[in-house]
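One chain, chain A, appears in both complexes that follow, with chain B as partner in the first and chain C in the second.
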Partner chain A sequence: MADVLAEGYNVFDTKKSPSGTVKYLSSPADVITLIQSGKLQEHILLVRGGTTTFLAPALSMGAIGVITMSGAPESHLGILSREFQTPCVMTAYLTSSDSRYSVGATPESHFVEIAEQLDGKKVRLDCTDDEVGRIVALD
Partner chain B sequence: MTTTDGKRATYKQRYEPGDDGLRFQDLTYTGNFVGLEPVTDGIKGDKMLKERAQSGVLEKVSKEDVLKDQFTIPELNDLNNYLAWNIWDVLVMRATEGVSGMIPRQEYEILAFMHEFYRWPEILRMTTNEVGAQGLLDIGASARREIGTKINSVHDWCIGAVGFGMGRCGLLALEVIGPDDYVAESNEILKFMQRILWGKRQDGYILNSQDRYRCQIHEDDFLQQLVAQVEPLEADSPKHHAFTQFNAATELLAFLHHYDNRLGLGDTGPYELPDGNLLILRDLFVNEEIYHWSDVSADAKLPYSYTLAMIIDPEQMGLQEIRVNDISTTFTRPKNYVQAIIGGAVFAREKWDTPMGEVYPIKIDDLAEHLGRVQQATLKLYTKTSKMCRRDLIWNGQYVYYIDMILPHLRKAGTYEKACVDYDLWEIDQRVANYYYDITKRGFAQETVPSKIFSGAGYLPFSDKADLRSSKGRVL
Partner chain C sequence: MTAPVLDKTDYDVLNVVALKKMASAPTIVTDTGLAADDVTTVLTGLSEQGLVVVAGDAALPTNEAEPALAAAAAVYYADLRGDADLIELVDRFETVNAQFLTTMSSWQQIDVGGRKVANDHSDSEYDDKVITRLDKLIARLGPLLDALAGHDARFAGYPRRFAAAMELIDAGQHDLVSSPTKDSVHNVWFEFHEDLLRTLGRERTE
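Entry: the complex of A and B
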């Protein structure tokens, strides 16, 4: 069985199963740099929030997959991922950790741990389930 | 197709009187109903709120009711409870999205909520005085024969749900008003909302959630003109891809243009067509001239709005429920409706007041050129926004809420200029300017207010002692 590194809300069910290296984006400058690198489609994008403006140009230019650390399919990024048909797993948590996101009560260490564990990993998104999206290790 | 292969559509069962709808979330709502059975989301939740109402204001109401000058205290409390639940119903899951990393949305939202509650009443009263109560019904009704109009679910809902509901809730949480303050102003806001929405729907209800999440406002002959332009779309074909990509990219720009909120989009429907398929109409506003950052859209020669007509095959996706909610957004079960789009058409409206006769269709084969301009505007606006300081982002966002939510109604009434000149619409009230420094203390914007607003705990009722004539008698 494949190693599931993290799970979260599946925004929409799809047989698309994009794979790539996780790229953690922490600022708008990171997003612009990635777009300008021409390597957008080599990466699964990892972001902290579930809002859509932060990732706007990446979505518009053809991001292949998204992981967020907060938000739900009803969040703006969830809505836009559905419209773009870009597989997206939201409020992802590490299967190896007990730490979970809670609105207004999540320590910084929660986000740091996820970013450190996933950034740079080669993964595949499994979004075939109605509710749960999975981040599967490829290494 | 996706995992829905082989499932039959059952969504019509949702429209049977005894049906309670599906649950879209596991959470439940309490609000002011402490000690009673928790309220669910969806159709069942709407039924529970209607059963608990003290007045008839949540049922179908007559034109005579709507033309009355004011609500009674029980009616105000029923509307307060219903809007609080409705806000929870549409936003509780969205509100888990955390910080933007780009735009400080929680901060601008709370400032706008409170600003609206303070400033809108006299402007809405002036507008009512200018056009009369019937005039407000007519403004609502104008949406029945227009596309590319912001007189739509989200704007109309925001008048009451945001300006009254969230604004009053935020000020109560900040402890600068009490539950029985500003009763007359609350009435002014809610009456304005009721008249616009009643005039638009014309079925006695005001909100989509009261009608099992349907917003079927357009006249049949008007719809036929739009449907006549629809082109068939085969799954996985280049045309299907062109249409759905244009929808997504333009919706994204509409979000960015409106500072990551839903004022840039507006769905109506679902309209059942004679062949059993469903039509959703989606307005996407990408060039609102009142914003100084609309220069990027003007440079890209984008119209005020694009409207997409989307034909969905409910059998292909095994549709179980479809909701066009009161913030103008469509959600379905199963969630992925995009692959079940089997036809589409696109229209453009150059300016907000372009006559309907001059709205023009765009062939799907010609969308690529428009898509390029939408992407160009998106990248430019993103770059521009990323260079703005926090204060500018917050006040820009505040204006998007505080101005845009009533902009279409004032424009249609012909009172927007008067509101700007005589009522200083674009000025910031001193009280709200000072709150700018308070909202970041003790997690007020990012924790206290969201918890009060999205849990329903902050919508305190008016008491038995409340006086319909009351404003605020003292600041102590």
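Entry: the complex of A and C
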């Protein structure tokens, strides 16, 4: 059975199942560097939250998949991902960890752990379920 | 050493780039009302200061853009931030904003037996109801936009953009509701929200 590394809210159900190496983007500069590298479509993009508005250029340039560590499907980023039909899993948590996101009460270690565990991993997004999006290991 | 505060023209141009996340010179001309040559000059200066990166025909904000804008906004909008009547209107906006996000999602997805599925826009009656709701939500921004425009004329641009989008929607161009690549109601609303937060020195909440 496929190894589900993380799961979260599925922003919209789709048969698209993009795969790529997870790349954590922490700032606008990271997005610019990735776009300029010409390798945008080799990566599943991991960002901290639904309020991470600097991701918008990557979506418009053809990002293939997005994972966030906080935020709701009704957020601006959720609306954008549906418009661009970019599969997106929001408020993802590690299946190997008990740590969960809680609005206004999430320790920094929660985000650090997810970024460390997922960044650089080869994964596939499974967004076929109505509610739950899954990040599946390919390694 | 503290960097000098952006002058107001630099602020207005960089603000458009930061709001749109990626903006071409013609778009900046439209949004700021500045002459094309002036926008080119300002973008060159902002690039030299490391506040934007020009890629192709678009400018993108660097990591330093937001702190520079925040520092300038604290100076330019100190009076506005102390306007109790305006702050009361702003506090009411958060409720309207939540309703807007829910309404926008209901434009994109419909509930079928408890399951969210993509709105294929075959039910014109449903779509019309959502559009009417959006129109009412935009109308509820009126007092806040008027109050903000009293402090900075930039905010008078938002009612014009909302009106232009709604006019096209009423004419049947429904992609003006939420298209991410047009001056849609969603894009205008998003930019207004970002602009408002920066003006007030507030953070976006989840």
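Here is the rule we use: the second predicted complex is superposed on the first by the 138 of 139 C-alpha atoms of A that agree within 3 Å, B and C clash if a C-alpha of one lies under 4 Å from a C-alpha of the other, contacts with A are read in each partner's own complex, and residues count from 1 in each chain.
The working rule: a residue touches a chain if its C-beta (ideal position, glycine included) is under 8 Å from a C-beta of that chain, and two chains touch if they have at least 3 such contacts.
Predicted, not measured: the structure shown is a model, and the values here were computed from it.
When both complexes are overlaid on chain A, chain B and chain C end up clashing with each other. With both structures placed on the common chain, the touch criterion links A:Q36 to chain C but leaves chain B unconnected.
In the superposition on chain A, contact is made by A:L77 with chain B only, not with chain C. Comparing chain B with chain C, the partner in contact with more residues of chain A is B. By the touch criterion stated above, A:K15 is placed in contact with chain B alone, chain C being left untouched. Of the two partner chains placed by superposition, only chain B is touched by A:M69; chain C is not.
In the overlay built on the shared chain, the residue A:R48 is in contact with chain B alone; chain C does not reach it.
Of the two partner chains placed by superposition, only chain B is touched by A:T128; chain C is not. Superposed model on chain A: among 163-171, 181-189, 361-369 or 451-459, the stretch of chain B in collision with chain C is 163-171, the rest showing no clash.
The contact surfaces that chain B and chain C form on chain A in the two complexes overlap at residues 12-13, 27-29, 31-32, 35, 49-51, 53-54, 56-57, 59-60, 70-76, 79-80, 82-84, 103, 130.
By the touch criterion given at the top, residues 11-15, 26-29, 31-32, 35, 47-54, 56-57, 59-61, 68-77, 79-80, 82-85, 91, 101, 103-105, 128, 130 of chain A touch chain B in their complex.
On chain B, the positions that touch chain A within their shared complex are 2-4, 90-91, 93-103, 105, 244-245, 247-249, 251-253, 255-256, 259-260, 262, 329, 331, 334-336, 338-339, 374-375, 378-379, 382-383, 385-386, 443, 446-447, 450-451. Interface residues of chain A facing chain C in the complex, by the touch rule stated above, are 12-13, 27-29, 31-32, 35-36, 49-51, 53-54, 56-57, 59-60, 70-76, 78-80, 82-84, 103, 130.
The touching residues of chain C, when paired with chain A in their complex, are 21-22, 53, 55, 60-63, 65-66, 101-102, 104-105, 108-109, 115-118, 178-181, 186, 190, 194, 204-206.
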